[in-house]
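You will see two complexes here that share subunit A, one where it goes with subunit B and one where it goes with subunit C.
Then we have the complex of A and B:
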């Protein structure tokens, strides 16, 4: 709820429009998706095309974000990077949510030794900085975008397992679940049809926030030379490429990093807005 | 309270054991043959087998797991493939720099985050509060490595106020003090030139590390203090005519001490994982920089040892926070 609005305006506007966070976040999301889908049509087709005559050009009307050491347009590469970030999220997030939901639901619903075991495993994962583990896994599996995605999915699922388990545990005791069981519903069906649909709100909010953090983690791994490898126009990899020239040609590392920042903040705002819209009681 | 701490200690051992196991299994998952990779393509198959026996890699999984645990228990982290030295020796040389960076950062976060949190709570809903909310959003989104580069462009490249990297100016004599911390060692030696140089070299890395977490700490502390400000005893204090400043910093903050310890303790993990990025950006010779070079050279024993050191430091830190929490919190004393 927005403070200071009158009853009349509350009635007039639908709920989702009354959350400024949600509106700002949605606009951001549309721009992000628009750039990922249509962006490549707006910028030069081949963002890896070398053009040595145009190297190290400062930002200008022709090259808004300037050019890099081999004359590639940085704006074009930042736009192309949107698609890579989206791709990583679209692969990593479903895997993490899938594994987490499966283990969390089983643990929460059936309880017992299996549940304790799953929770001890998630304890170990959540007990120390996830990024460091992702880094180690990425280094072991081998540098590259695939390695980064495996590493991120590997450290990301326990958060969802915890979340889902808590929700399932809470819902298990409710009357509608007892009713379904009294009617002879099978466990799998009760879980799938009655319990899991109720857990969607917190999961969707967490997923929205995680989009930004997954993009940030991918970029950080790439910055360390583990994730995407040059010449892939991944934001973190681009920041790393420009690092050696940072003092003389500031724009090379600056703009891709700015894109990462805006993404994380954007999805954070969207997540907060979604929380307000979907669940006004739990507003932080 | 003793039972509480004992329970925590058992949890600590279990988590460390779990971490070690996860790392061991990650090592085992390596696609390809590590011995072949180590020996190179030209070495004959029989020789590879000899090497395999030498490294004990021909033994079954549980035997290798046992050996791995035994070596770790003795403090042996393995052999670095690039430096050909024991990893623990390298770690010992690089760790003080990282700890200095982390400790100074956490002190700065506490020194600024606590008063800011109290002030934001007292000005809840007003301009100052809104500014901290906005900063928290930005702080959570800023990639640490990028923030470091931006600060470097500004304060080293454009303004030239601060050094752009390293731990101390070139040309100054090596500091071989007892603590390994350049700040303390230079003071003990009475070498103020070295002390000044160390401080100058710490400013940008510390600001980079602390900024994002500072905003988070401020927000977390704000909500804690805000809750306390609604308590009856605060209203009593106010009706007695106690000044707002005294209410905030004495009455409210004292009651927010336990959550504040937890909030600050949890930041240590974030700081630790941030050190590797900051050390890379500023060529700061700590264990993160060491691990980064290992990653470039695919020196797996070093990378895994680094992960383990960070994980154990983090878990032990959490244990200390929990223990401190029990000592400070009177509710837990009756246990």
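Then we have the complex of A and C:
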């Protein structure tokens, strides 16, 4: 792709702009963030308002995405759902990354029995199908968005623990860490100031990819009736509500379904792009 | 097929998406064959958990069991009028405390043994030992007078007993004896997944979560019309949309879980008939009467006034009717009350009770798959939100809801509740829902206990004069309404869709959501 361009043109463009994945992904990110922040101002204020005389209106100029069985505007609910999905990500991801980083770093840095213990626990989590575990946790905590968030955070941290441990293990033996230790740096300081900053790249890439998967998991839990409860305009819950009517009133499930699809693909592309931009081996 | 090798370094999700689209299209395009011309295939979403009709009166079990079993009496097709079936005639003795049945001769069980009075005795005793408490409650003994005469005695007179008789299914005593073990004297294990009755169809195969099949019993006492199905097959199809597609393609003959919103689309298909019927079913919000703040009658009255029944009727597109009291209007002896939607009075009552805008959070549990329960909850949720009260809608299986009733603390403030009458009588509502000795799980989740109501119900059960009986039940209904026990939501209608080549279907109010296989004829090409 870049082979034909000259050195001069390559220099003129910032590195991140030369990854089409990154550019496309960023556009998606901007759109979704924009919808989450400003969307509620563009659509009717109360997207849960029932309007029994307006049920099952097909997409039209008045209702771009049509209306559902109780006359709610689907466009409004899809837009409102953006904020809910991103909110879940903003809560779940920091918790999962936090727990994963802490355990992974401790395990990787100190090693020994502690490391074995942490990694065996992680293995147990990873050995179990994540989604099934999330369903079980959600069912125990109780149906609802809070329950779904707890469940997802609960199954999401082991991936980060493994990733961080691997990175820490690799960095532990490098000369700059040994140098810091020789200068009398305390373990906590070495970890925090010297090792962890070096792990940011893979973590950020994984986080970006996970945004899509967390949205998908939330939607799946809600689809199964475990996550968001009515009338919350959560995408998965909406797909579920409309499912029984998909033959005659296809718009009810289709538009929230498309929102999930586009969102997940968007963040996936962004993640791939970010990897291209940040990965030193792939520098363009 | 050839695979073009792809560079593996750049994995984008596009490939995965394309694969998904291909799979989705392939699945939709798959066209199954039409069912065989002599087979009736009917689809319902909920599978039976047993084929033993003595264990439970649940419709999912009775639906298939109705093919293989019969009672002493039946209901005339489409009505609640009693007709002879395995008994040719009957007498009422001792003011309703004993009944003599004269049995039909020449009837065989599926195992080949003849049907006699002994079979009635064994069946009723089996019911009494392992069965549905509500149905057989006053049973004392069954006495064989001769081979074809049997006398059934009750603990006390019960004027509703005869209406329960069509649901007291007769099983083969030889079958019970053959499969009984010392741990299992009633052969529960064998009857779980086998059937041995006198019905027109005998059990042939059960593929768990897929289908239950029955085939003609050649020695059936009633004989067969040549257009009667050779086989009846219950397909378990969970998704209503799938049932819809299969019905349109002719893969199934009857779809039992379609909704009123399918009707406009279905009406474009000239080969499909949709029938709607009034039902004897009531839909209620059962209230947790003993739990604050619902122990305050003003809060309960406010909930009644805050529920917008008319909007629900609009959402149901005319399929359902309003429920005007504890008993639906189609049941003889029911009393209609004025149930206005009056948010202003509701607001006042909530203010008086001190819960207006108090941030009160209530829980409404409802069962998955019942759209009307959900819609009703959404309507109430909206009105209550205007009063600063949050109503959480929690969906779950019926089983998990029943479990939550076991403990007062876990009982939701409101529970979505269908009352399918076990027998088409006022008693089936008032006794099963409001008698104080009925456990929460059996139908009294609110733990309602009013000695006056108990007294009236017992009195009415012992009364055989119909007019007097109705008057006593009317008084009981007044008491129950006075106590604001439940919110009356609706009298749901019933919808069933079938290929036009199915003939003879009748909606039997006493056997809600089941099929009378004996009546069905097929005109399939």
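Everything below uses one rule, namely that the second predicted complex is superposed on the first by the 274 of 284 C-alpha atoms of A that agree within 3 Å, B and C clash if a C-alpha of one lies under 4 Å from a C-alpha of the other, contacts with A are read in each partner's own complex, and residues count from 1 in each chain.
What we mean here is this: a contact is a pair of C-beta atoms (placed from the backbone, for glycine too) under 8 Å apart; a residue touches a chain by one contact, two chains touch by 3 or more.
Only a predicted model underlies this, so the values are computations on that prediction, with no experimental measurement involved.
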item	value
Superposition on subunit A - do subunit B and subunit C clash or fit	clash
Which superposed partner A:182 touches (first subunit B, second subunit C, both, neither)	neither
Touching partner for A:230 - first (subunit B), second (subunit C), both, neither	second
Touching partner for A:135 - first (subunit B), second (subunit C), both, neither	first
Which of subunit B and subunit C A:268 touches, first, second, both or neither	both
Touched partner set for A:61, first subunit B, second subunit C, both or neither	neither
Most subunit A residues touched (candidates subunit B, subunit C)	B
Partner chain(s) touched by A:41 [first = subunit B, second = subunit C, both, neither]	neither
Identified clashing stretch of subunit C versus subunit B [384-392, 402-410, 438-446 or 474-482]	402-410
On subunit A, positions contacted by subunit B and by subunit C	225, 243, 246-247, 261, 264-265, 268-269
Partner subunit A, residues of subunit C touching it in the complex	10-14, 17, 239-241, 244-245, 259, 261-262, 264-265, 311, 314-315, 368, 371, 374-375, 377-379, 381-382, 392-396
Sites on subunit B touched by subunit A in the complex	14-15, 18-19, 21-23, 26-27, 29-31, 137-138, 140-146, 149-150, 152-153, 156-157, 164, 269-270, 272-273, 276-277, 280-281, 292, 295-296, 298, 300, 303-304, 306-307, 310-311, 314-315, 318
Subunit A residues touching subunit C - in the complex, by the definition given at the top	21, 48-50, 52-53, 55-56, 69-70, 143-144, 225, 229-231, 243-249, 261, 264-265, 268-269, 272
In the complex with subunit B, residue positions of subunit A that touch it	120-121, 123-125, 127-129, 131-133, 135-137, 139-142, 212, 216, 219-220, 223-226, 236, 239, 243, 246-247, 250, 253-254, 257-258, 260-265, 268-269
